[in-house]
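Okay, so here's the structure we're looking at.
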Amino acid sequence: MLRIGMLTSGGDCQALNAAMRGVVKGVFSERDDVEIYGFQEGYKGLIYSNFKMLTSRDFSGILTVGGTILGTSRQPFKLMRVPGEDGLDKVEAMKHTYHKLNLNCLVVLGGNGTHKTANMLREEGLNVITLPKTIDNDLWGTDMTFGFQSAVDIATDTIDRIHTTATSHSRVFIIEVMGHKVGWVTLHAGIAGGADIILLPEIPYDLDVIIKAINGRAKAGKRFTIIAVAEGAISKDDAALPKKRLKEKQAKKTYPSVAYELAEKIQNRTDQEVRITVPGHTQRGGSPCPYDRVLATRLGAAAAGLILKEDYGYMVAIKNGEIKKVPLQEVAGKLKSVDPKADIIKEAKLTGISFGDE
Amino acid sequence: MLRIGMLTSGGDCQALNAAMRGVVKGVFSERDDVEIYGFQEGYKGLIYSNFKMLTSRDFSGILTVGGTILGTSRQPFKLMRVPGEDGLDKVEAMKHTYHKLNLNCLVVLGGNGTHKTANMLREEGLNVITLPKTIDNDLWGTDMTFGFQSAVDIATDTIDRIHTTATSHSRVFIIEVMGHKVGWVTLHAGIAGGADIILLPEIPYDLDVIIKAINGRAKAGKRFTIIAVAEGAISKDDAALPKKRLKEKQAKKTYPSVAYELAEKIQNRTDQEVRITVPGHTQRGGSPCPYDRVLATRLGAAAAGLILKEDYGYMVAIKNGEIKKVPLQEVAGKLKSVDPKADIIKEAKLTGISFGDE
Amino acid sequence: MLRIGMLTSGGDCQALNAAMRGVVKGVFSERDDVEIYGFQEGYKGLIYSNFKMLTSRDFSGILTVGGTILGTSRQPFKLMRVPGEDGLDKVEAMKHTYHKLNLNCLVVLGGNGTHKTANMLREEGLNVITLPKTIDNDLWGTDMTFGFQSAVDIATDTIDRIHTTATSHSRVFIIEVMGHKVGWVTLHAGIAGGADIILLPEIPYDLDVIIKAINGRAKAGKRFTIIAVAEGAISKDDAALPKKRLKEKQAKKTYPSVAYELAEKIQNRTDQEVRITVPGHTQRGGSPCPYDRVLATRLGAAAAGLILKEDYGYMVAIKNGEIKKVPLQEVAGKLKSVDPKADIIKEAKLTGISFGDE
Amino acid sequence: MLRIGMLTSGGDCQALNAAMRGVVKGVFSERDDVEIYGFQEGYKGLIYSNFKMLTSRDFSGILTVGGTILGTSRQPFKLMRVPGEDGLDKVEAMKHTYHKLNLNCLVVLGGNGTHKTANMLREEGLNVITLPKTIDNDLWGTDMTFGFQSAVDIATDTIDRIHTTATSHSRVFIIEVMGHKVGWVTLHAGIAGGADIILLPEIPYDLDVIIKAINGRAKAGKRFTIIAVAEGAISKDDAALPKKRLKEKQAKKTYPSVAYELAEKIQNRTDQEVRITVPGHTQRGGSPCPYDRVLATRLGAAAAGLILKEDYGYMVAIKNGEIKKVPLQEVAGKLKSVDPKADIIKEAKLTGISFGDE
């Protein structure tokens, strides 16, 4: 008998179901004696032994369905060893569930925080396989995470729609794009949507440069300026602050998010109306795009291949178009950011996009 | 020679280009000696005689294009007779432009405010034909305005995407939908998106009822509650205030918009996380939906029919599926709101939707 | 106890699930003692007593899901009284199932053929309520059927895509649109997609007129011609044939469908390349558009209202924006066609569209 | 003065305009003294010196627009040296135009056939830069061509829609996907759409295997089977024929396309209804997907970089995520096919997809 635990952890994204379907179809293609334990709402389900027994039928028809049939929740890594109100050591509780159910392995779908915990469970002796899930694409060790391209599609659609309304009015439009601490989604959606200015956490911006770009466009007879700003974007001044000072400053902020702050700054220094659009959680929602479905299916099937060979302790990744296994200890705790000197930045600048830095 | 002035005024929306294409194709189908004067940025172009001469070729290929090729701006009706910094009486200036160019008529595409000014120009002796443009669907005298269904489609798509992410997490999601002072877009998108609670300006809400509905869902094992709130929604308490007091209260508000205020109220009274999504101007953008293209084309062609018969002073409307002409003086200054006792509200309540009122 | 049988019959379409959800949510909003018998694959399930007991939970989350959770099949009206291989009189079998299960009523979702059978069951003493389902919009007694607008959206999307490729090449493009014996979908998608020529069953075409329109466009410097042709379109010559002769002629046809035949005719008389696109069954597929979701929900909820009042024998319809009940005997056997003299045809002609008739 | 000739050749696809915009924005970002000669309808414009002078303004706003603003046509490589009715040697004519206009270089966007001619022009001494355009993704030397992902998205959308209608009826659905002689689009759309059977030119199929898969699904209680077949798919029997015999056989075929032939074969050997959908040219149409916009923009900008450095004779390609230059002589005449032993095929088989071969 092959007993597989499975959970999805952290913020949800597109193609989680597609990836799990890939794993389950894969293992059942070679073995009949498989039991799938679906832990509910991420690590929480593993901690409190809250699970459903699932059959291959439960994974039929979910390739195109957004969200996750297991539910998810955020369980911060740094609180894993800190007993909660119930006095529970969460790591020990997870190990207990794993051993009690006599699991052969645990399949974990998640992003950065999730991988730290997954690696810890590996160190504690559990057989773990992970799949790189996040719209942010910030996971080290893989060229691409599933969810990313779907989020780019939605953010681009937002910019496209704003474009038509922008051509009707003379305005500055700011679209705030998700991505946590990195700028991948903003960079790709900004280029795809034809944004005039793209602001990323990795390239701190100079407000003077932005104002100059806006005024330059107005002088050249362009009726509008479109700014794609990452939720984690930061000014050069703030980036130069000591980390502690910066945290204090951010704690005092009264703006709902970065776009509102930027809008006020720009409003104060130009005579153009400024409008804000924040697509927010829609970027995580809906049916995965075909690219993500193929990627998630391939990663899931490859994970099944590892399980069938009892080859554990890896994140399944894609590199140069091929599916690879990457040791979990190499992945955990690392962030993949946009390199400000990457060719894609140079190419974008060649087409006239300003990154607010020069 | 037939000389037609044309302008689009107020907030932009989908199918403005489709409607103008209908007018122009219509008049050219019967006459060759037509000149089209496209005034730039709404009434502003008429005031300052800023226009482009357009040919039928300019209107080819724009059926599916969002925005307006003429640009638009808001020129408040109440300021029309108030001289600006340049000392200009705007109404006289518009009449001057009209007569100087020897126009046969003026085609105006706009919403409520626009129609007040259009009617005034009619009273001043100009030949005016209008087309009902607004995503809000709040124009009296027509069953439907173009832009409305496209906005419903986009708002519904937002709710759909939130739905998938909602099923993954246990949360209350608030989606704020456009519509100015009326609830048409919210009502239709809310039903179409399967919202659990719909809040409209026409049905002031009771916070206790909302909290009860949220808790009721949680007790019934539903993991989330989705609220579609119109940007103009109002609480029963606020609705009961004298108008002046309400204005003072609203002037003091520090929330970016109604969704943020509602979120805080709910957050204070439940233990569920609350998330906000504001699709904003995207609801006005992008290619018009097929429904709006057909409607706008029909209205535009019918306007051409009136022009060819020199039958002026009307808004071209749709009633019970047929295109009708409605005297401008009957339209100007009236608002079409959602009737709280309408069948569609009863039907929605039958399917379990709460309007926060009982 | 309230026992409701439910079935979907004929070709599937969008919003079938949405409509059933409306019915079920509606009856459960007022009563708890309800049993839903979901007959599988249309009347077949009623004939052979093949059903599933469904709870309100089965109808949760299906508002946006295409297809029908009950399955469907075509059971021609004219074979109902003709015993099949199993010797069964199908009508008696259906009555038997109905009475054996002690049903209070039967809710039937279907199109033209379906309504003939539904009316016969009414005549046989069953309590029947029907909902107007068909992409064809050819049901007499209602302004609109659900599925129609979704099909228009998909067919329009097809024309839109062909438009961009058409501008790149010099060609005639023929898009064949569904609609059975009527032209509703083709008419609306043709106008919405900006087709140059629209061919409907209700307006037999003259090939000479079509060729002239194509050549006229080429002379005017237009690079392409787009033809939207209804699957039931017919030439003037064929329409003039005695019905029997026409049937014989059509029986001999070797073309997969009307577009192929038309393409060959045009190819033989112009020097432009001709390309064919047949979106086919995609026009029935995918999530219903918001318009159809609202319509289906309203119709379903209103059907629930009738059931709760035990007011049977009707199709629930929409007329002038309001939900009405129409006696089944008035609906059965009638077809709602496009009126060649309707205003929408005149308006379309004003914008330069040729219907191939003059 | 920098004089750049530009043309788009072969079948059109998405992101042609985006790529040209990238080139033009790129060269103008560093130089003002640039003239763009836009040759009309592919090589034909170069042969007959038919061009428009274009400014950077002509390339503004076309990032999202499908088709090509230059038009395109097919000019078979093998006829280039064969004088036509006008007695013209096409290669000499193209060289003549190039030199007469004193061009510094020629930017060519096209697929396989286009690249053969481009390389010949390079051999004849012209400065040529090419960009890899084709939905087929069959160009050697680049991991990806623009147009491919957009085509995959559309083909997948078709399969998705068929899926919902398939669940309602018991049928076999065949969707024929474009791709010329290779199976890239079919493979990706088939996986993304959850096809049960995928048939590629690179993996000749055995009808017995297909029938077995269909019957196997029916026995397992699945109501339908979805087959994604590439337009170039071939049976094992046909693949085994000598090339000449195969050509003779294919010349005799009376089916409009491969899906119709396959449908008849399956219909003859199962008792399930078979339905065909051929999305056809829609797969080339509409706005490019965000992925293709980013790719095309990057390739275009990189091409500008080469032009500014006067570094000619290359196709600009993407390999392992980075933009590279590939000598034209290495590209011309080579085809990039799906490798039947590639990991993606194995992964797809793991998830239960049949390729009709075993």
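Per-chain numbering from 1; labels A, B, C and D assigned in written order.
In this section, a contact is a pair of C-beta atoms (placed from the backbone, for glycine too) under 8 Å apart; a residue touches a chain by one contact, two chains touch by 3 or more.
This structure is a prediction, so every number in the text was calculated from the model and none was measured.
Engineer: When you check each chain against chain B and chain C, which touch both of them?
Structural biologist: Common contact partners of chain B and chain C, which must touch each of the two, are absent.
Engineer: Find the chain most remote from chain A, comparing centres computed as mean CA coordinates.
Structural biologist: C
Engineer: As a quick test, compute the distance in whole Å between the mean CA positions of chain A and chain D.
Structural biologist: Once rounded, the distance between the two centres reads 31 Å.
Engineer: Using mean C-alpha positions as chain centres, tell me how far chain A is from chain B in Å, no decimals.
Structural biologist: Distance between chain centres, rounded to whole Å: 35 Å.
Engineer: In whole angstrom, what separates the CA-based centres of chain A and chain C?
Structural biologist: Centre separation, chain A to chain C: 42 Å.
Engineer: Where does chain C touch two or more other chains at once, residue-wise?
Structural biologist: Those would be 160, 163, 287.
Engineer: Sort the chain contact graph into one of these: line, ring, star, complete or other.
Structural biologist: ring
Engineer: Of all residues in chain B, which touch chain C in the complex?
Structural biologist: Those residues of chain B that touch chain C are 21-22, 25-26, 29, 63-64, 143, 149, 152-153, 156, 160, 163, 188-189, 191-194, 287, 289-291, 293-294, 297-298, 300-302, 304-305, 320-323, 343-344, 347-352.
Engineer: In their shared complex, at which residues does chain C touch chain D?
Structural biologist: Contacts found on chain C: 8, 12, 16, 41, 65-68, 71-73, 154, 157-158, 160-170, 173, 223, 254, 256, 260, 275-282, 284-287.
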